[in-house]
Amino acid sequence: MITLKEICRLLDGDLQGNGEIGIQGVNSLERAGAGEIAFLVKSNIDLDGIRAAALIVARNSGIAYPNLVYVDQPYLAFAKLLEHFHPAPQFSPGISERARVDPEARLGKNVRLGAFAYIGAGAVIGDDTEIHSGAVVYPGAEVGHSCLIYANVVIREGVTLGNNCIIHAGVVIGADGFGFTRDAEGIPRKIPQKGKVVIGDYCEIGANSCIDRSTIEETRLEDHVKLDNLVQVGHNCRIGAGTTISALTGISGSVDVGRNVVMGGQVGIADHVSIADGTMIAGKTGVSGHIKKRGIVAGNPHMEIRTWRRAYSLLRNLDDYVDRIRDLERKLKELEER
Amino acid sequence: MITLKEICRLLDGDLQGNGEIGIQGVNSLERAGAGEIAFLVKSNIDLDGIRAAALIVARNSGIAYPNLVYVDQPYLAFAKLLEHFHPAPQFSPGISERARVDPEARLGKNVRLGAFAYIGAGAVIGDDTEIHSGAVVYPGAEVGHSCLIYANVVIREGVTLGNNCIIHAGVVIGADGFGFTRDAEGIPRKIPQKGKVVIGDYCEIGANSCIDRSTIEETRLEDHVKLDNLVQVGHNCRIGAGTTISALTGISGSVDVGRNVVMGGQVGIADHVSIADGTMIAGKTGVSGHIKKRGIVAGNPHMEIRTWRRAYSLLRNLDDYVDRIRDLERKLKELEER
Amino acid sequence: MITLKEICRLLDGDLQGNGEIGIQGVNSLERAGAGEIAFLVKSNIDLDGIRAAALIVARNSGIAYPNLVYVDQPYLAFAKLLEHFHPAPQFSPGISERARVDPEARLGKNVRLGAFAYIGAGAVIGDDTEIHSGAVVYPGAEVGHSCLIYANVVIREGVTLGNNCIIHAGVVIGADGFGFTRDAEGIPRKIPQKGKVVIGDYCEIGANSCIDRSTIEETRLEDHVKLDNLVQVGHNCRIGAGTTISALTGISGSVDVGRNVVMGGQVGIADHVSIADGTMIAGKTGVSGHIKKRGIVAGNPHMEIRTWRRAYSLLRNLDDYVDRIRDLERKLKELEER
């Protein structure tokens, strides 16, 4: 329990209404009841039937409600309150007796390891990093400080992970890139993949996603890159800082993605393509060539999203246009024969 | 070995032919030989060269064959016989000495645990549930009775799994939803994901699929939901009872899927969309808005499947139509100049 | 360190230039510096600013550079040198005390097992095979000789893996195929999946990919099949020798893929389709029917790639053509009214 006044202080917000009421939790706008606080991103929402004790709103919003907390960014404030009311669960204090740490691995202070976690020879794990059950850190890999590595993650040799990263369950970082060349008989022969993966700080990788190691150089994710689940990043790619990529998207080899790019789900990017900073790519887009100027693209092959929307609304009616062409042909013939 | 008469009894079917012949196994129509029984779903199949000792057919089918078992649903009867001739292998009787069960976890009767399985504090596992090697049940998660959890599955805290579920290897249930908001500098900041996942009875989740936990409420799969491999279900979704979803399909956040929906592979559903009961969605469809009435949709963006088929058959010949437009323009000009 | 002359001998190549210079490593054309060798696949590349000590080139290329090694296939020669300069890391010598091998499993000579690897009863592991931490080989599965199985792979009962295969982390081989039939009430009921998976020699399966077991027969990958990450192969499929499949591609059930087929990423193949030897399928293609003659296809539904390119370049301008139809209609009307 915390008073609304205290919440204001926590969020650096301005209060309107009764600061003495007690808040027990945070909830969605629709579900929040007595004693709960909710937040509002849009200002044109009908508040009829809303029972929340208080609302967090943007400073410039003209919302009328008994108890309000005005903040600069309601969504960020909401994130902060979520952490306040639901502190992260503490797993595996210390190092489980059933973990296996190679004598030549180096663990920082306050590292926590779950049962059946494996840390190979020469691996380095930073202070305050937590590695859950069944995760495997291969020999020589390096993990920064304050990272959270969930169960059954695999981090291969030659991978360097920055600080404050979150790697969700089942992720594989540093598997061999998909490199083959056909020999004289046409049989695909493996190109050994001997490069690295370098991941920056504050990156988050979704469950069962894969980031391949480079052939000889490095695959690189800059700081604050966020990948959803089941995303594939091919060898030799660079993903610029602050870029977010939704589920089931595949980035081929040697792709250069700019900073703060936003990709929807099931996007595919052809190999050796480069994508401008700030580009937005709609779900299911197939990017087949460079995107040199920021904008919003969609379709396969990709095009400017307005072109795509217009083309597809016409495509739906293609039948009509074909009829109109036939009609024109018939009438023209009649005219010619007059 | 079992006689055809006994098979009839097992399947609640009607016999035509010799009930005394012995049946040793079940096989596909093409491969079944002497001593084997096969089944037929379509009745217009050429039976030349078929060597099966007997066939399972629908009661109303006009098939002519020496030995027949008439049943209401041949495919279900076939499923039953498969179980009869190939009983499920028994893995890991009892609790492996190499599993790790937290002293504060609660296991039901006859729970079986493979080597290196991990059950966290406060987790609850129902009677007769089997959990294979390397699977991880996080603290506080609950698994119902008679479930089969394959190797290296990860079930996070706050997940509740019903009874009689099958979770295939590598599945991750309850990873954080993909929720970020950009701060004043444009850097993506994590929205903590503090909600749950609730899965009903008789659900089956394919290998390496992912079902994300909700932000504050719950992601819910109702009873009898069947997911194929590598499927992504985003945070806050509801998937209605009896819905089946094929491989590599991605459901964004806060999607409401009705009951008995059938989705092909690589389908993508945009966030906050709701889909009517019984809708059928062709493979690779991109669903960009609500589907309010059951039907069959295809394309990206989705449209009624007949519209899509017609549009794409015209698209293939767009070249011709463009030529015809040019032709019309030329002729019209000639006419005008007459 | 090795001399250029020795490299020539190793690659069965012909030297031009100074064979006595020492080579310390291999690198990309752009990054190679003094003491490093690079390779060239295209001959029309500008060599300005290239600082490599020597280049590997095709015998017929007209490249002018101080030190050259002429070979038949530069890319294969490069692969060989990568292995020379970066020998595969040696993990887990011998059998980890923390692995669990069922007393009824049979291990060949020189098998290496990582910590927390599990080998079930009746499983057979060939000579010189290496199985990393957390991998699970189910009872009765068979793995050939000289295989490399990375961490947290799952190989189910009834799976047979050939020799010299590489299985990347998180792969699941032999999970149940996606087979259901609706009962009289419309509830989906499981068709038990009792068949096998048979994988040939020299196959490589990318991280977190899934290959499902057959219902009663077998899912088969012939020799030299290469799958990228996050690929789904459905039950009862055959994948012909030498076929390569890129990430996030989904092959439905009972698909017959020919030999030396090349698939891009995010391809989807409908069930029961067969695909001719040597077919090339562009990324994101939806193959909805048989491909009887080798060629290159793209689009959804698939079409010959030139048709697809032409159709999509017209689609982008559909707006113009619609305007031209309207224009024609207006002018025709004017003519008619004259």
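When the chains are written out, they are named A, B and C in that same order, and each has its own residue count from 1.
Just so we're on the same page, contacts are C-beta pairs under 8 Å (C-beta built on N, C-alpha and C of every residue); 3 or more make two chains touch, one makes a residue touch a chain.
Quantities reported herein were computed from a predicted structural model and do not represent experimental measurements.
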*Among all the other chains, which ones are in touch with both chain B and chain C?*
A
*Same or different: at the chain A/chain C interface, is the fraction of residue numbers used by both copies above or below half?*
different
*For the sequence-identical pair chain A and chain B, what is the superposition rotation angle on Cα atoms, to the nearest 5 degrees?*
120
_Rounded to a whole Å, what is the gap between the Cα centroids of chain A and chain C?_
25
*Mark out which residues of chain C touch at least two other chains, giving numbers and ranges.*
116, 134, 152, 170, 208, 230, 248, 266, 300, 315, 321, 325, 328, 332, 335
*Any idea which chain A residues touch chain B in the complex?*
26-28, 31, 72-73, 75-76, 78-79, 82-83, 85-86, 88-89, 91, 96, 98, 114-116, 132-134, 150-152, 166, 168-170, 204, 206-208, 224, 226, 228-230, 242, 244, 246-248, 260, 265-266, 283-284, 300, 312, 315-316, 318-319, 321-322, 325, 328-329, 332, 335-336
*Any idea which chain C residues touch chain B in the complex?*
100, 116, 118, 120, 134, 136, 138-140, 152, 154, 156-157, 170, 172, 175-176, 178, 180-184, 186-192, 194, 208, 210, 212, 215-217, 230, 232, 234, 248, 250, 252, 266, 268, 270, 286, 300-301, 303, 307, 310-311, 314-315, 321, 324-325, 328, 331-332, 335
